[in-house]
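Next up: some structures, all given as structure tokens.
In the two complexes that follow, subunit A is the common piece, with subunit B as its partner first and subunit C second.
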Partner chain A sequence: MYKDGMTGIHHNNTGESADMDKTLKREINMARNIQSQLLNGKPPVFEGGEVLGSSVPARLIGGDYFDFYPLLNGKIRIVIGDVMGKGIPAAMLMILTRGAFRSAAETTSSPADTLTSMNQALYSDLRTLKSFVTLLCADWDPSTFTLTYANAGHNLPLYIKGKESIVEEMPKVKGIMVGGLPDQVYTNYTIQLHEKDAIFFYTDGIVEAQNNEKEQYKLDRLIQTLIENKQKCVGEIEQSVMESIEKFTEGAPQRDDITMVLLKISDQQAEITSLNSPLIK
Partner chain B sequence: MIDYLMKETEDGKIVVRLNGDLDIDSTEIVEEELLPAMEKYKKANIDFENVPFVDSSGMGLLLNIVQSLKEKGINVTISNVREDVQVVFDLLQIPEILGDETFI
Partner chain C sequence: MLLTVEKEVQNVITILKVKGLIDITTTNIIDPYLEEIDGMETVILDFSGLEFIDSTGIGSIMNAIYLSNEKNFTLKLQGIDEMTHTVFEMVGLYEILEAFHGEVI
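Showing the complex of A and B:
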């Protein structure tokens, strides 16, 4: 009798834990779908260039974030961010960050103001939760070919020059990560871009990707890959970077979320030529 | 995986030598063992000489250690940060957040 009772309890436990596994798995998959659908909305379409973002989480879901927000004045506001940590907790804070960005983007006139407003909105929550988010926010103005950006502790984007074989970090702009200190005022910096130039925004999961020998992918390899593929369209550049990282890591487990956003200015000359070409024929 | 050595100096300061990557897998060790152990002292130093890598979770753990101890009136310093790690600290402006005097 007694023994049977024990067996019964044992069975029950296994049953409950299997049920829990199944429920948990289902919920994680649903959370993953929510996140990937929110991240992978349609990138905005605009004259004279193209943008694209992609994110590969290290676990089932991740804490990296990117977003595009077309402004009424024709500019495109771009943001990329990295929430501290990984997995489900980071994903929850990523959604919080997205909400703060979307409402700040609507009401603020520059990337610096957006970051100031986001820090204002998120600081006390992030302090309570002992977390933080690094963010880089930029406005692309297709009418003047200028990119204005502000930084909250994030990696500087890379400037891929269209007419030279040069890829370099954009000029340094300082700023404390969101959730780091209260009442922060961020600074805008503007650069002039030219035809065929591209900007590569990314998170540290790329340069810190490790192979089995514990070597990191590093900035140099990223720059080399970008130089080799810079003439391609944004989708192909993104693929080349992913392939290069995969080749380097040789199947070693991905340690951190990998995210990139590409902005590329089209070759206006080529576009005009191709438009005219039927006439020339 | 991180481990650590603790040694009390003659003037009652606790010196913690971290050994290994400070990352998400360090969370339990830091929050459940290291931080409570350090709270028993008036002064503390964290030696980063043998920490080759700190990820964002590790950065959060470090901020948590220093800010929690300072709130309790414990003087904390950080020393021997490797160049690679210092680059990340600087990017995140950790010295500005924790106070320049924290880094010796």
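Showing the complex of A and C:
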């Protein structure tokens, strides 16, 4: 016999306990489906490039988050984030974060303003719940090839240079986690991208993935994988990174959620050449 | 044991020396040490033996910062290695510590 802490009802047979386990499992699976569907919506389609995101939770559901929001001015707003903790509590706060992003993206004019607005909206709840979320928000402008971004305590994305074998962290932009302090004002930074360049946004579950010897995957391995696969399309790069992590961890249990977002600029020259090629029948 | 906490009290100073991992599986070990602090002027968290900290662990340190405000003590962090420093700096933990009059020693 045990006492159910949630309802105060005393159960005295294992049948009821098994029923409860079954209900709980079903509800967790439903929650997993909701989260998966919200995360894996269709990525926006735009001229001159492609974007893609993917997330693999360490448990049934997770606290990592990414999203795309096409703006009326033709830009694409991208966000990636990591809620403190794991599992169901983190997943609940991830949904809260998503709502705050969608609402802020609609009404704010830049990534920094979006983060400022999100901190304003979420600070009180996160402080009460003793939690926080790190976020990186960026606007891709396909008409000017510029990426403007702001950071709230998140890993800096990696800049994959298309015409050189160089992958480096994007310039540092300071900003503290959302939920850390009230009234934070975040700042924007803009970089110019070029044909074939790509940007890799990610969460720390990638670089902190561990093998059975307790070694971490680390940034160097990630950079090497990106250099080796940079000529591929975003879907193939994503797959290559996942395969590289799986090979490194050798089946060791996944400790943290793994999330990445890839933005890649097309080879405009190749596209023009292909458009001008005669049709072969 | 994945995490051990050694407590040392010298008059109005408490030193908590952590050894091992502060992550989702171990914050329940360090949190009670922080919650029970009472009547102290200074609390020093010594990370010399820290091997790894995840976001839940950072949440515990943030809780310690907020407790320093509620319980009126100064929180000092020491023995932070380069890897942990990079993480603390990235998430903005030092700014929060400073806002609540704590310091890194």
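Just so it is clear, the second predicted complex is superposed on the first by the 266 of 281 C-alpha atoms of A that agree within 3 Å, B and C clash if a C-alpha of one lies under 4 Å from a C-alpha of the other, contacts with A are read in each partner's own complex, and residues count from 1 in each chain.
Everything below uses one rule, namely that a residue touches a chain if its C-beta (ideal position, glycine included) is under 8 Å from a C-beta of that chain, and two chains touch if they have at least 3 such contacts.
Since this is a predicted model, take the numbers as computed values, not measurements.
Overlap between subunit B and subunit C is detected when the two structures are superposed via subunit A. When both complexes are overlaid on chain A, the residue A:G153 reaches subunit B and subunit C alike. Contacts of A:K232 after superposition: neither subunit B nor subunit C is touched.
Touch criterion met: A:K130 reaches subunit B and subunit C at once. Of the two partner chains, both subunit B and subunit C are touched by A:I176. Look at A:M84: by the touch rule set out above, it reaches both subunit B and subunit C. On subunit A, the surface touched by subunit B in one complex and the surface touched by subunit C in the other have residues 82-86, 130-132, 134, 153-155, 174-177, 180-181, 204, 208, 256 in common.
Note for the complex: subunit A touches subunit C at residues 82-86, 127, 130-132, 134, 152-155, 174-177, 180-181, 204, 208, 256. For subunit B in complex with subunit A, the touching residues are 24, 53, 55-57, 59-60, 63-64, 88, 91-93, 96-97.
Within the complex formed with subunit A, the subunit C residues making contact are 24, 54-56, 58-59, 62-63, 66, 90-93, 95-96, 99. Within the complex formed with subunit B, the residues of subunit A that make contact are 82-86, 130-132, 134, 153-155, 174-177, 180-181, 204, 208, 255-256.
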